Amino acid sequence: MSTQKWSVSLLMVLVLVVAACGGTTPQAPAAAATQPAATAQPTAAVTEPAVLRIGWGGSPDTLNPGTAVLAEAYTLFELVYDAMYQLQLDGSTYTLELADSVNVSEDGLVWTFHIRPGIKFHDGVPLTAKDIAFSYNYYQAHQDFPYLSVYTVYFESVEAPDDSTVVIKLTQAIPNMESQLIFLYVLPEHIWSQYTDATAAVEFENEAMIGSGPFKMVEYRQNEFVHLAANKDHYLTPPKVDELVFQTFENQDALVQAIRTGQVDMITEMPMTAVPGLRTAENVKLVTGAPLSPSIRDVIFNQLEPENCPPDAACTGHPALRDRNVRLALAHATDKQKIIDVALLGLGTPGRTLVANGLGMWYNSSLQDYAFDIAEANRILDQAGYADTDGDGVRQMPDGSAPLLFRLYWPSDIEAAPRTAEMLAETWGQVGVKVQPQAFDPDALTAVCCPNFDFDVIIWGWGSDPDPAFLLGTLTTEQIPTGSSETGYSNPEFDALFVEQGTTLDKTKRQEIIWEMQRIVFDDVVYIIPYYEDAAQAYRTDRFTGWIIDQPKLELSDPSSLTVVEPVK
Amino acid sequence: MRGYRYLLNKIAWACLTVLFVIVLNFFLFRILPGDPARAGIRDPRMTVQAQEAIRVRFGLDKPVINCFESLNPLRLGKCGVNPLDTQFFIYIRNLFRGELGFSYHTNRPVVDMIGERLWNTILLTGPAQILSIVLGMGLGLLAAWKAHTAIDYASLIGSLVAWSVPTFWLGILLLFWGSSKLGLPIGGKMTAGATYASTAEQWLDVLRHMLLPTITFTIVYMGEYMLYMRSAVLEVLAEDYTLTAKAKGLKTSRILRVHALPNALLPMVTIIALNLGFIVSGAIFIETVFSWPGLGLAVYEALNRRDYPMLQGLFLLLALSVVLANLVAELLYSVLDPRIKTG
Amino acid sequence: MSEQTQTTSLRGLWASLKRNPMAVAGLFMVLFTVLLALFAPLLAPYNPKESVRVTVDDIYAAPSSAHWLGTDDAGKDVFSNLIYGTRVSLTVGFFAAFISLAIGGTIGLVAGFVGGRVENLLMRFTDVILVIPDLPLIMVLVALTKPSLVNIIIVIGILGWTGTARLVRSQTLSVKERKFVLRARSIGAGNFYLIRRHIFPSVFPLMMVNTVLVISLAILEESSLAFIGLGDPTTLSWGQMLNFAFTRGGMSSGAWWALISPGFAIVWVVLGLTLLGQGLEQVFNPRLEWHHLSKAKRMVRRIITRSVESDKEEAS
Amino acid sequence: MSRVDGAPLLLDVRDLSIDFSTHDQGAMHAVENVSFMLREGEVLGVVGESGCGKTTAMLGILRLLPVTGRIVSGEILFGGRDLLALSESEMADVRWKDIAMIFQGAMNALNPVHRVGDQIAEAYVQHASKADRASADERVCRLLDMVGISRNRKNQYPHQYSGGMRQRAMIAMALACTPQVVIADEPTTALDVMVQAQILELLKSLCDSIGVAIIVVTHDLGVVAEVCDSVLVMYGGIAAEYADVDTLFNAAQHPYTRLLLDAFPDLTRPKDRLTSIPGYPPRLNALPPGCRFAPRCPAAFDRCHVEQPGLSQLGRFHSASCFLVEPK
């Protein structure tokens, strides 16, 4: 009985377990997922192709524009697809992309676009008005597309009478037509027409991703990397670099280490704590600024009036939070600058309303923020009758029924939230308001928050669309039962203004209305907006130059930068 | 022969355990609050109709099981409903067809996503596990033979330390030491988007990426194997037949190889099989730290994104591999130990 | 494991432990940590709880005279956090181990003592719990029950008892067959009397040895949970310190101290516990110090009359 | 006069002393100045209560003592060489080739995971020259025949053998290299009476047929009377009496030997009552001053409690260590 027998049996253990793992047969390491059917690689220039390597912390959830949710997916869509309009980096002006001219009927109901001639998809098939009409109708037909179908709400009909004209008829005149179209990416009809029924449209993985944009898809390995090649004969912005590679780093420190050691040429995000380090790193340029798609952090007060409580909802909000004085006092007792310094390491600007400073003209910059003043806060609370009757350092309701003890929740996927909660607990404690901090699993928090209203205070946030309409909509009374309204705020005057801004075509008039709505919400202290997070990105100065960093908004992975950047000579 | 009935009994229990896991898996994720439509970023553009349509697509509009509309919040429903309309039976039917449903996050079939990642985990953990088994048991044999000498104490202390170190912490330290000092890659399985002259060059690149995670794996598991092996060999060397072997004038190396090792390997087979079963759980941390696209990383991502169908599929795979590992251990034990084989 | 070797008295325990240097080292490390936890307020230069004006350059400040181990991502002193952290990690370890011990102990005792179908059922149940990989299950349970320290202790406790159950069962089985138990039963001793007087005293020491191991596993488990974000962010355990350091860019901003110290503390306690465990194992179920292939110190003492070179054993 | 009086001397053990070191109780004198001889074809019986050092002495001969044991003095002359002077590798060549041993606990002495035939062959192959190795299989079969185990059981495992058969297998293994001396340490203790008789019969016939010298360690005088040519009685680590079997049974001098004989049923002389020896054998780490047997010896007088009697020669093959028998 030699020992060879033992080693054989050991290997058997390994093989048996391996073969038994799951019903699937492990494929050999897929060298390349699917070769694009598109034209061959650009004729190899004599010199080495210029490959721009980008490091990011995420990965697209799917390449199907219909079902995609994550920002990473939209970054790729912007590069590979074209849309009718292109949003400029100032956050509110739109320039025509696919169309070279547009005229709108007096009543604003009929939009006629003239499409530029000679545009081709990556597989060589020409892009015509028919593709555009097909795409818009396609998005409208699929209601279960999370984001894109909502942009077609006002479309009554979309037709393409000939190859270069697209006519869109609307159900009502809307002021923000351009912002509706920038996300409606034009899909090749000859590919997508095979996936029109409900399940196919959702299950189509679109790994080949044929578009008409400045870059085309070479190879996609989910959670690993995305490899794009330049579309040198793009009609508008042919890129100067030859190839783009987005590499995913699961942990943030690896991302920073990657740019330090030069393994990548640009990183789209980083932990705030790495900022000081990268400022001094050699041949690395750190840039910070307002992100292209702003994210808002908000402290939500459950101020739902009992009569508005939706059917079978808990509605256990603390009564004191319905009193504006308490919310005002808490606003005075919130040290936004310290929160930014500690939680964000200085990488943010104090916030005022749901409309972020990155939204350009729509942001009401005239509002004067509540100063951090503990004495003022105590004075307001004393005057409003919230005395500390039992001397335990916590104030009671005027009728002494309950102490000002608020449950403070936050979702566990917001990294800076625990530190923010700590600081709120500290400063609010100094004005006699006690909080019970509790981290929550995001889905469990959704179930507790809305439309159940089973909470007091929540630290959460919103991703924002370039147009403020959607965000402001969450404050209207009609949104309370749907779950979009977190605060349960209900103000008829605000609701009327929301309807009015939806139909005002004139931009300056609409701006006035939107500013007024923000002032009302600000005065009622519906929220405390601690900060708007700044984006922090960095690139190697010894690799590529020409990055667009002088605009009000910062996004190095936007086509605006990636199509103009070129290798350092 | 007793052995045969003994194995049938074991296989029966293994199947029962797997069934139990399948049922537990299903209900576990129905108790958890959570909604595929809202998975991920909160965005006002998500209308109520879109959420409802998504719920229908994932079949969540159907009752969970007869008499229960939903488990979280607990809502009772009609009991007379045709079972095939309930999520539970659809889940079971799909399971036997080899379908694990669609991921909330990527809408792709869970089976494909697991299939892609399975090979990467095996590629990473396979060699590491073999390395730690060989090194660990070799060291264990040596330490037991030279019991109560410098070698024994040194390897004992070394293994205890290796066993006490949190896996992810060791991974992080090695990652930073390796990448900054030795220029080793920082993460991932191969240089992103690189084109390779030959598959050999590609494998070389993969190996470079595998170096640090494999070292981490080996250190962590080697300690455990060494400790078990040492105590097993100590016991065997104190047996009478070892004295007989020495009395027969055999060389010490032959005594160790022919008489001590086979007897000590018997308990080790169970331990190794059990560890193989838990490979993926162990890999969660190492793959996360090294961004290695394996099943461990898939568990971490699925958890962060609350991607329940994916978690459900992964848990099933984990439990299945543990049950099978146990079964294989029992099988091997009876084959290798004559006392059981011949009844 | 006959009765004589079971040194019940503490002094006897110390006498036999003393001989094993590793066990002594382990005991010292554990006691040091427990003392640290008890006198945390006195030892820690800062109180992590009270608020302190923090400026940007307080974040990840390098170790200095003010902060021996530098500061973490919230500007708090790492050294004080470490000392207070011992309390949380030890409480998690002890209470989770206590729960595991209670469940595992009872199941093992009942299964071993009653035997037959009940034993088979209980042991199969233990196998099932063992089969379900505990980490993913813990993830789900913690996600379900709002992350708080109490939940984590319960969850680790609930899933950590399988090892103890198996150990106690096999030990009960072996004791149950002993003559003195059969004799006691024959003179009419009731089941509970048997367990209390005979089975438990001999099972208890082994459970103690297992406890030390379970505590170290619980502490490791807590730190792993905290690392993947399932810990309770409002508590101050080492695992949470590691999580903050790892997720909030500790390494990339060069704050090695914020990451290495909590990791080192975990290794210190877990190593101490395991060394102690080894020592206790040796006392309560002593294996022979030597075996047939042990290299004899000096097989034949030098006989005065003739010089006998007997220990030039070549390395066989 | 012993049967093999004139045969050449194989093994000559002189003044063998073995100590055991313990952590707390200091050195234990397990064996003290024991001497005996073994001639070709002779069967020497080593008798004594358990714990009298007989097994330790035997292990000492093959230098298989545990690590805490140490041979402190004496010589073991075998084939003109002192075994204590050999290096470990030289000793390894002696083991089993010249001196083989059958261990007490035969239950566990065979490796459970290897076939019995292979284990026997291994002993043979280890010491056989290259040429003879081929005939290992054939040799094993002959050995099994010799000990009465059927050939087709060669490939079975130890757990498939009964206690008696395992002991026979051990004997077969012991004879694999036709050693000159076989030490059988309590070969029949764990077996029932019937099997005991067969094993003893087998040992006796092997001794006569292939002339191997055997040392039988036992606490059973019946076995001694049946099989042995000469007897060494040990008590508390010392040699109490050493004589040929007839002299011992008929003219034992040492009080302990006489008491041993009285405590043993004897068919030839009916005894109405078996006298048991009061007291217990001495604990090796708390040995009494003077003669080890003094506390239990009915004929003990003051000198016995003070001095330790030397071994006095009573006849050509008869010696005993007791003051009563010392020549005046």
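By written order: A, B, C and D. Residues from 1 in each chain.
As a working rule, a contact is a pair of C-beta atoms (placed from the backbone, for glycine too) under 8 Å apart; a residue touches a chain by one contact, two chains touch by 3 or more.
Predicted model only: the values in this text are computed from it and were never measured.
Nearest to the common centre of all protein CA atoms is the CA centroid of chain B. Counting C-beta pairs in contact across A-B and across B-C gives the higher total for A-B. Computed centre separation for the pair subunit A/subunit B is 35 angstrom, with centres defined by C-alpha atoms.
Distance from the subunit A centre to the subunit D centre is 90 Å, each centre being the mean of its Cα atoms. Distance between chain centres (mean CA atoms), subunit B to subunit C: 23 Å. Inter-chain centre distance (subunit A to subunit C, centres taken as mean C-alpha positions): 45 Å. For subunit D, residues touching at least two other chains, in rising order: 64, 113-114. Counting only residues that touch two or more partner chains, subunit C has 143-144, 229, 246, 251, 290, 292, 294-295, 316. Residues of subunit B found to touch two or more other chains are 32, 172, 176, 243, 246, 251, 258, 262, 277, 288, 300, 304, 306, 336. Of all residues in subunit A, only 1, 3, 6, 9-10, 12-14, 16-18, 20-31, 51, 53, 61-62, 64, 67, 69-71, 143-147, 149-150, 198-199, 202-203, 205, 218-219, 221-225, 227, 243, 245-251, 253-254, 257-258, 261, 263, 413, 441-444, 446-447, 460-463, 465, 470-471, 473-474, 482-484 touch subunit B in the complex they form. Looking at the complex, you find that subunit B touches subunit A at residues 32-35, 37-50, 53-54, 56-57, 72-73, 98, 102, 105-108, 111-116, 118-119, 122-123, 126, 129-130, 133, 172, 175-176, 179-180, 183, 185-189, 192-193, 196, 199, 202, 206, 257-258, 261-262, 265, 269, 272-273, 276-277, 287-291, 293, 297, 300-301, 304, 306, 317, 320-321, 324-325, 328-329, 332, 335-336. Here subunit A touches subunit C in the complex through residues 251-253, 255-257, 260, 270-278, 338, 341-342, 345-346, 412-413, 415, 417-419, 421-423, 426, 437-441, 444, going by the rule given at the top.
Taken in their complex, subunit B has these residues touching subunit D: 239-241, 243-251, 258-259, 262-263, 266, 336-339, 342.
Across the complex, subunit C meets subunit A through its residues 51, 54-56, 59-60, 73-75, 143-144, 146-148, 229-230, 232-234, 244, 246-255.
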